[in-house]
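Both complexes below contain chain A, partnered by chain B and then by chain C.
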Partner chain A sequence: MIRRIAWREFIEFIRDGRLPLVGGLFAVLLVVLLAVGWLQESNLNSERSAAQGMDYNDWLNQKNRHPHDAAHQGMHVFKPIPRLFLIDPGIDPFVGSTIWLRSHRQSEVKFRPAQDLTGLQRFGTLSAAWMLQILGPLFVIVLGFGALSGEREQGTLRQTLSLGVAPQQILWGKALALAGSLALLLLPALLLALTGAGSAIEQDRLDLLIRLILLGVGYALYLGIAIFVTLAVSAVAPSSRISLVLLIGLWIASVIVAPRIAADLSKAWHPNPTGVEFNTRLDNDLEHRYRKVWKEKLGTEKRWGPELPLNRWGEALKVDDHAGYEVTDEHFARLWDAFALQQQSQEWIGLAVPVLAIRGFSMGMAGTDFFHHREFAQAAERQRRLIQDTMSKDLIEHADPLGNQHFSYKAGSSLWASVPPFEYSPPKVGFALRHNKTSLFVLLAGLLTWIGIAHLAMPRSA
Partner chain B sequence: MDRSTDNPILETINLCKRFGETQALHQVNLHVKSGEIYCLLGANGAGKTTLVNVFLGFLEPTSGTAYVNGRDVTGDGLACKREIAYIPEQVMLYGVLSGIENLEYFAELATGERQDRSRLLAHLEEVGLDRQAAVRRVSTYSKGMRQKVGIAIALAKRACALLLDEPTSGLDPKAASEFSQLLREARDRGVAILTTTHDLFHAKQTSSRIGIMNQGRLVTELDSQELGNADLEALYLQHMKA
Partner chain C sequence: MTDPFRTFLLIFRHEGRVLFADRSLWLVTAILAGLIFYALYNGFNATTIRERTITYLRDLQQETQRYTIAQLRRIMEGKELPDPFANPADPAAIGSGMGRHFAVMPVLPLAPLAFGQSDIQPDYYQITYRSKANFMYDTEIENPWNLLTGHFDLCFVIVYVLPLLVFSLSYNLLSAEREHGTLKMLLSQPVDLSTIVAGKLAVRALPVLLCATLLPAMVLLVLRPQLFDIKNLFLLVLFIAEIIAYGLFWFVLALLVNAWGRSSGTNALVLTTSWVFLVLVLPVILNVIVSTIEPVPSRTELAARTRVIAIHTLNRYNDLLSADYRYTTQPEILLPKDGKIDVPIRRKGLFLLQRDQDQELQELLKQFETQLAAQQALVDRFSFLSPAIVVNECLTMLAGSGTRRHLHFRELVDRFHREWKAYFEPRILRGVAIKEADFHSMPAFTWQEQSFSAVVIDALVRLLQILIPTLLMVWLTKRWLFNYRVI
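Now for the complex of A and B:
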């Protein structure tokens, strides 16, 4: 009976033109966005991979020079774009993907952690994910706003109920019709995404497939919520017109207004410093720590003099670097943790505003969220420290025995070659799921809640 | 399904329904047996539609009981509805579907099984809708044609009781007469029919018994054979004044 109701509803969607016109447009846009995303991802990856190779080549082919000069030149590392960027670019377009690994301090050139507006808070990059998150519910509303209110107005609901059909059967029939229509429209996009994921050679295909399945589950839960919200409102609205007005109002409030408020709230609960504040505090702490460790380990705070001659420069650099590592780690950890807590609050706000939960989950499964970015930034920092430590160690080993030849020492290609190229493997799906399980739970809880509400809202008579 | 002519298919015992201060039904006792057409007359607001809504399970009685084929409507509402076919003043169908598609849909919902299309087309022909009309979209149908689809749904459902709420209101005389004929045919097949109407002529022409309602009370019941048209009209007006 549920299938029969769904089929009749589906035929109506087709015959009254809602599905072919609005749905067709939706499906075409989605496919175009996926194709554009795929193209973008392929181009970016090949550009970055080429740039990464050239940069390492430059490193290897440096002329003979002082190791500390080489450390200052450093390296650039390029964040590989995950294949599912084609679905959800996440925060990647905002946080950048190139990090300059230079001496003395962790680079923040391309990641601007302390800016007021973070990637977590931004909204609206045109992508397949954006379509599904923002326009998906709108499409459900267009199809379903009159599902029950319209039938009540026409009198067909009374006719159906008089036949002994349970209200729950009507509800599930209509939900199935809406879900089936969405599935039909999403099928081409899903096939394209599968092809895109399947053609990936640089990423583990099984991992990609699981991520894609989880993305599908996440969006199914999210659009399921949209379906049951629409049906619940349509069930209680006295007319289709009021149902449409209420649903559009809810849509504006939940996908446009609430996410911004949620971002502000989460920032108020877990504040992060501004760029200037972050740098000032980091500089002050570094300065303080340098002085302290110099005193402890080198016996003086004064840089270079009889107590600390320049032939101990390599050793002093190492002391500097390691003291800096600790301070930088503390500061960045606090910053990252603030972002993580902001994201966590937003995930829980997702109980009331599901778009927040799906946004986090979608970025997570696509590998373009904050946690994946943090992994990359940490891997880059490990590479930077490897370069610094290698250069400092070489300086210590080649300390000036004469006392006046500090800068005449030049290292050669064997030293450069001792630094391996930057290799980065993005985290696996387990990592993504671990960091986004709250969102998944929130989506599931939201769906169950709205199924319950829709059941209660269903009219027993008409 | 018990279709013994002795047992009422539709029955109310001391049925009351109150909406706030308004007593819509007051101690209504009626029964409609198999093969009987019971016609309820009454002014607007007399409680006729409320009674139909109680049988359909759309309203719960304040007190008293309503039975469909021996089942209490408040206890087993869905099962009761499966025994009833309901034809409102205006049978509402899906405009984008054809007559036969509407019939297939509602018949399947009513019986829980897919029905043979040729049998359903035969039902439509039986009620006077030819095949050409059957495959046309219902949005092009007249009210009379929609009412006929309603009867066809009842036939396909093989319901033991028909509830009709002002079914001939707005029909032209020819369509109303055809409709009355269809009701008589259903009665002859043993269906218990409860119909509400303002149309005294239709009531006299089709009913086995007539009940007159006023302000929620069933004020009188008559065997239609005992009355001429003039008597019915006079009696009706007399009860309306009371």
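Now for the complex of A and C:
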């Protein structure tokens, strides 16, 4: 019976032109987006990996020079773009892609793409994820707002119920029809994405496949919620018109308005410092720690002063750096934890506003969320410290008998070669899942709740 | 009762009573007022933080200067020996970070109304003689997730939410009357359909638009006294005019859809679709088109160029960098003598290195600004396609947080950076010591606001970009109403 109801409904979608017209447009746009994204992504990636290779080459072929100056030249590392960036660019437009690893201080990941764009960027990033998250529910509403209210208006609901069809069967039949129509539209996009993933040359094809499947599951849960919300409202609304107006109101409140309020709330709960505050606190703590450590290990509070002979500067550099590492780590960890907590509290708000949960889950699976970014930033910082430590170790070994000629010491290519190239492999899907347990749970809970509500909302008799 | 104005008033009063009774007008106005208050609260919060930061930086700069001058005095009086890395007499030290000189973009009185780009583009830089690559890429700290979401400011309420509230009041303005059969009765009286429609529209538009304009204006006038000068008040008037025009656009669109003569349900669908298209989809697509037509150069390329230049300059000045360094053990060499100072050769090398890096990067860095400006020009040219873009651009511009003003700031910073370098270069290369009097005569960053008339003209053009399509829709509505089928 469920299948029969679903089929009838489906035929109706096609007959009244809603599915072919709106859905066709939706599907075509989606496929175009994926194709364009794919092209862009492979261009960017090849450019970055070429740049990375050249950078290391130049590092190796440096002239003989003072190790500290070599650390000033440093290395550039580029964040690889995950394959699934083409589905969900996540926060990547708002975080940098490049770090210049240099001496003295942990550097920020620079060059946010959003900095190079006009204010239009703030309207949203055109991507498959954007379409599914924002327009997907609206599409469900357009198809399903009259699913039950329309039948009641036409009097067909009473007839169906009088035939002994259970309300649950009608509900699931309608839901099946909506889900089937969505699947029909999303299938080409999914196939395209799968082909893209299959053609990937990298060895992580399995990882990619699992991520893609999980993305599919996430969006299925999300759109499932949209389906049951639509049916529940359609079941209780006195007329199709009211059902439509209510649903559109709900859509706007939850997809457009609520995320911004949630962002404010999460910031109020887990505040993060401004740039000036962060840097001032970091500077103060660094200063304090430097003094303490210099006193303990080098016997003077004055950094780089006359009390310390130049031939101990290599050693001092190492002491100084290591003192800095701890303080910097503390500060960055606190900042990044605040960001993570902000995100997590918003994912919990996802119980009421599912778009927040799917957004986190989707970018997590695509590898474009903050956790992936943090992994990269940390790996880059490890590389920077490796360079630093190698350079100061060399300076200690060559603690010069040169007196004031400290800066005349020049290291050569063997020292440069002792720093390995920066190799970064993005975290695996297990990592992504661990960080997105909440959002997956929230989506699942949301779906079950709304299935329950839709059941309760179904009329027992007409 | 043939006088159309009297009919209009009658309808206005009657419809007002009806809406008053069914409470929908109250509800919508109350929701709008609530959203506006929340948005203003957010806006004022953010503005306070920005202003506090600016004050902090100004104080820091002054305090550092006072401290440095005092230190210089002590050194000149022989009470203290100079530190090779922080010698106030050394132009190479003062010209780099030690001077703590900031270039700051002030916050405008209308800033609480729109965040614009202020959370992505910095509104201050610390200026040193080093290459711009060292300070120009800095950004404000903000959770990227929240950047992606966007802020809840007045601009958001107006651009996104106002049209929907307008729809909720007027999507069935005429269709409901027809569906209830009351329109037939109404038109059997000697009244013109246009007059009825105008009356019904006025009842709805008046409270909504008053709420959307007067509330922010009043809050702003109370909380930001710096608004009280002719120019700023004029900007506020433009801001209000823009909101009214935008609100009218959506009211007239609702009318037009009603005049088309379909059912209330269809009206709601058509209006939502037009909103989705104009507010959600079109800006996002235009963004892609604009950045494809006028792409900025690749940042990866910039990084590669920076590296190559760094290598060349390091090689070029390798000898200077590895010169002897007796300054830590013999700091007295660093004491100025007869206005001259022995700038450590290594520091001279570092200065030259940065100078050359800056010169060689200048061209490429300039391209980023040029391309961003070209993108903005394209946005301006095609924004008429969607009133949402027009209003968003205009409101952020009037609030002083648009792309243009940030580009203008970067240009001023660039100019000042050159001035700063030109001041220190001869002093570092010739070893001229910094004197106390120099602190008062060295270049200081002064902000110049964008040309007022350019802003006003820009705003007026954008006002027209909304009013022209609105008038076209009015004309079309009148035509359609003329042929309106009541049954």
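Here is the rule we go by: the second predicted complex is superposed on the first by the 442 of 462 C-alpha atoms of A that agree within 3 Å, B and C clash if a C-alpha of one lies under 4 Å from a C-alpha of the other, contacts with A are read in each partner's own complex, and residues count from 1 in each chain.
As a convention for this text, contacts are C-beta pairs under 8 Å (C-beta built on N, C-alpha and C of every residue); 3 or more make two chains touch, one makes a residue touch a chain.
A quick note: this is a predicted structure, and the numbers were derived from the prediction, not measured.
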{"item": "First (chain B), second (chain C), both or neither touched by A:A352", "value": "neither"}
{"item": "Touched partner set for A:L206, first chain B, second chain C, both or neither", "value": "neither"}
{"item": "Contacts of A:R460 with chain B and chain C, given as first, second, both or neither", "value": "first"}
{"item": "Of chain C and chain B, partner touching more chain A residues", "value": "C"}
{"item": "Which of chain B and chain C A:A417 touches, first, second, both or neither", "value": "neither"}
{"item": "Which of chain B and chain C A:D16 touches, first, second, both or neither", "value": "first"}
{"item": "Partner chain(s) touched by A:L187 [first = chain B, second = chain C, both, neither]", "value": "neither"}
{"item": "For the chain B and chain A complex, residues of the former touching the latter", "value": "53, 56-59, 78-82, 84, 86, 88, 90-94, 96-97, 101, 105-106, 108-110, 112, 114, 157"}
{"item": "Chain A residues touching chain C - in the complex, by the definition given at the top", "value": "44, 47-48, 51, 54-55, 58, 62-63, 65-66, 69, 72-73, 76, 78, 90-91, 93-95, 97-98, 100, 108, 110-126, 130, 134-135, 138, 142, 240-241, 244-245, 248-249, 252, 256-257, 259-264, 266-267, 272-276, 278, 304-306, 308-310, 335, 338-339, 342-343, 346, 370, 373, 404-410"}
{"item": "List of chain A residues in touch with chain B within their complex", "value": "1, 4-5, 8, 11-12, 15-16, 154-156, 158-166, 460-462"}
{"item": "Residue ranges of chain C touching chain A (in the complex, touch as defined)", "value": "38, 42, 49, 53, 56-57, 83-85, 116-117, 120-122, 137-152, 156, 160-161, 164, 168, 171-172, 263-265, 268-269, 272, 276, 280, 283-288, 290-291, 296, 298-304, 306-308, 310-311, 314-315, 318, 321-326, 328-331, 346, 368, 371-372, 375-376, 379, 388-389, 392-393, 396, 402-403"}
